[in-house]
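Heads up, the thing below is written out as structure tokens.
Should a chain be cited, it is by its letter among A, B and C, assigned in written order, with residues numbered from 1 in that chain.
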Amino acid sequence: MSELAVEVKNLTKVFATGLLKQYVVAVDNLSFDVKAGEVYGLIGPNGSGKSTTMKVVLGLMAPSKGSAKVFGLDSGDIRARNEIGFLPENPYFYKHLSGAETLKFYGKLCGLKGSELKDRIGYLLDLVGLEEAADRRLGGYSKGMLQRIGLAQTLIQNPRLVILDEPTAGVDPVGSRQIRDLILRLREDGFTVFLCSHLLEQVQEVCDRVGIIFKGRMRREGQLDELISVEDQHAMTLEGASPELIEKIHALVEEEKGAKLIESGHPRTTLERLFISIAGDKEKGEKS
Amino acid sequence: MSIVLQKVPRTILVLIGLILFGLIRTPFEDNARKGLVDSGMLLPPPGLSAMDQLSQSALMGTLGGLRSLVATYLVLEAYEHFSNKDWEELRNTYNVVVALEPYDESHWVSATWHLGINATANMELDEKLPKFERDRRFKEYAFQGIEFAERGMEQLPESYAIPVQMAEIYREKLEDNCATARVYKNAMDLPGAPGYLRRFYGYFLANCPGSEQEAYDHLIGLYREGRHQHKATLIKEIKNLEKKLDIPWSLRISDPDPDVESMKRRNRPESLPGGLSLPQ
Amino acid sequence: MSEESSEKSLRAPAKAVPLFSFARVWTIASSTVTQLVRMKTFYFLLAFALIIVGIGNFNIPATPAKELSMIKKVAFGTMDLFAWLFAIISTALLIPRDQEDRTLYTILSKPVRRIEYLFGKLFGVLAVVATSLVAMFVICAIMIYSRETLYVSAEIQAMEANAQYTPEEMQAQVELIRQQGLRPELTVAVLASFLKASVVAAVTIFISTFASSSLFTIIISILVFLIGHAHSLLSNYWTTQTDNIFVIQAVKVIKVIIPNFQLFSFSEGIVQGAPIIAAVLWQMVGLTGGYLIVYVLLSLLVFVDKEF
């Protein structure tokens, strides 16, 4: 598994907005790799630069600085794009085409034709559960159906790398469960998946590794377990503790030098907690 | 190369591309334009005089490549003015039409016909106006028609239809035999001109005081071309001239005098085919 | 993926893709045709048919031959107008819309070159314009032919009633009307309208690559189109009216930058019976090809590093 599916090095992307040329640094000196065969999740709140990073990897945007490579090829190289299936956030396709016609269109763009294409379309419609709606126009599709036809479209040329921008956004719990199952299945089948999300619990169970991005910078990266178990912190979950006991614990902590109670209260999902703490740290850091 | 491309702003590159292409295509386009205009496929641009007279919508249409459409629309509008006997408007409209399509002979002919024949006829009949005013306008319209024809002849020197229409004004309205003869003379040798123009020239010249000898020489020339020219009017006019010019008997033509009675009824020459009809 | 064994193995690299593929251009072009058809753009043909029926019922004060020639002129003028207007509007609805709808994301994230996308859109529009022109020509042809037959039979009747014309003379009169009727050369006038609409479509694509909306594209394109007809006017009229050096220079710049659309108005002359010179026609076809290639390449220059 030494081959790199995605290799992002010192990527910086600056947008100039408005007539007054105000600059927005969307991605700031970002570096990370996605190894072939793994599921990598890029996690961050809104506006942290996830979509921008993906577009640079796809070659839809040029980096301001640094580089992005896909299987060793420069992003933007047409051969690199042939290796990628991409699902944009809130995917939008031609409303006047039916589900099957949409897949046919994208399949042809990837050079598929004839019975090979036809079989592929049938297989994918079955995979995403849209056989019934295959001949209906997308104008009449629901949000979840659009997301699923979008997923089928990403897989049309059987690419090695699948890039999913918020694959479960706007999809109901059952739907997002199905999508997560599909991602797990893709991993089983040897696909490399690079996805991003701001919904942490969705990523938790499917990702081999995650990178946490905030304001365009990579804050933490690694295996989920590692990230969640923070070495110098210790979490306790108490049950049936009286207020007096909690008072005592507080007092004990204060007695010890260098120790500090960071947080107390009702527990949250671990990743979310980590996330909020990072956000809080950086906010403080940037103010000072 | 790609670094250069990245450094230079796109707008400048695009502008350079546009200018280069513009410079390259200009000689090619001039050549193509010449070929198109020479063959008549591309209509030459409207006359400068048209630009001042075009209404805004007509100007837009002209710029939009709809010159023929606009011209045809204006011809219909002119017909409307004709129906309303609105001669000033009619003249203005035709000024624009001929400016838009100066190469279309029928516009010149129509304008000449409307003003010289229809407008003058209207002045002969219009009871609303005092006699003096009618007489004055009669002349005015006749000369406006002639003026249109002159402009058309300048524009289309090869067209015989325009002078024929002009001659009709001199002949029918101004009853000027000398001018009529002169115009027929100009028209008769133009390409495609009908044969009767040569005879008509002779007939009207014969009735133009002082030109009898010239008329006789022309008509006798026609007579000698053969039997197909031996029309009754031709023979009659020759006989009249023989008398007037006192041609020796030995040189006079031998045909019998055409019916004296019929000549009494009309001392006008053979009538135009079809009489007065719509031009073209 | 179902054929895989349960043992996890990585996927093989993708097959090589051609760097430029006519198949992809073709795919985008045919999808563009489908799009325009399903947007119900062909309804404009109905409007055209109604106008032609109206023109066919013109009552023009002139001889049959002249009347037929005027009807023909107006019908083909309208056809020309519809062709270029359709080219502008449909082109303007395509690329800015793909961009607004973000359909472009998914297309350009497939192995598709941006030039293939631009050519695909252009060819799609041209296919629809060509089809529409053929349909419009058929509509016009039916109208002109029926009028022509009507006039010819009326004239024959009139001449027979008069009983003083020889068959040759009658034939000559019929020929006079036929001359203004449905002649095979009229198809070349349709080709001329097509060449004009093609150049208009290419220029509109160019404008739409930097315009942000469909409406803006349409307005600017029509403006450019109008100015493109003023080339000879600009030099003949405005420059003789002034000796302001700046005006004269500005006119020169406009002439170089704005395409000369007036040159493409030669369907007018053909409709009015001008002889068709094949060499000149080929020159115009070549010029059209030049315009298409150059304008698509210029569009690419803007489009190639456009970010979505």
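Basically, contacts are C-beta pairs under 8 Å (C-beta built on N, C-alpha and C of every residue); 3 or more make two chains touch, one makes a residue touch a chain.
Computed from a predicted structure; not experimentally measured.
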**Report entry** Topology of the chain contact graph, where touching chains are joined (line, ring, star, complete, other)
**Finding:** line
Query raised in the report: Quick one: most central chain, C-alpha centroids?
Result: C
**Report entry** Furthest chain, CA centroid comparison against subunit C
**Finding:** A
Report task. State, to the nearest whole Å, the distance from the C-alpha centre of subunit B to the C-alpha centre of subunit C. Result -> 36
Query raised in the report: Per the centroid of Cα atoms for each chain, what is the distance between subunit A and subunit B, given in Å?
Result: 81
Query - Gap in Å, rounded to a whole number, between the CA centres of subunit C and subunit A - result: 46
Query raised in the report: Do you know which subunit C residues sit against two or more other chains?
Result: 305
Query raised in the report: Which positions in subunit B touch two or more other chains at once?
Result: none
Query raised in the report: In the complex of these two chains, what residues of subunit A are touching subunit C?
Result: 1, 3, 36-37, 55, 58, 60-62, 71, 78-79, 81-84, 86, 88, 90-94, 96-97, 101, 105-106, 108-111, 113, 123, 150, 153, 157-160, 185-192
Report summary line: In the complex, the residues of subunit C that touch subunit A are 1-2, 4, 6, 8-19, 21, 23-24, 27-28, 31, 34-35, 38-39, 101-103, 105-113, 305, 307-308
Query raised in the report: subunit B touches which residues of subunit C in the complex?
Result: 58, 60-63, 65-66, 70, 73-74, 77-78, 80-81, 84, 192, 196, 225-227, 229-230, 232-233, 236-237, 240, 255-257, 260-266, 268-272, 274-277, 279-280, 283-284, 287, 290-291, 294, 297-298, 301-302, 305
Query - For the subunit B and subunit C complex, residues of the former touching the latter - result: 6, 10, 13-15, 17-19, 21-23, 25-26, 28-29, 31-33, 35-36, 39-43, 45-46, 48, 51, 60, 62-69, 72, 75-76, 79, 82, 104, 106, 278, 280
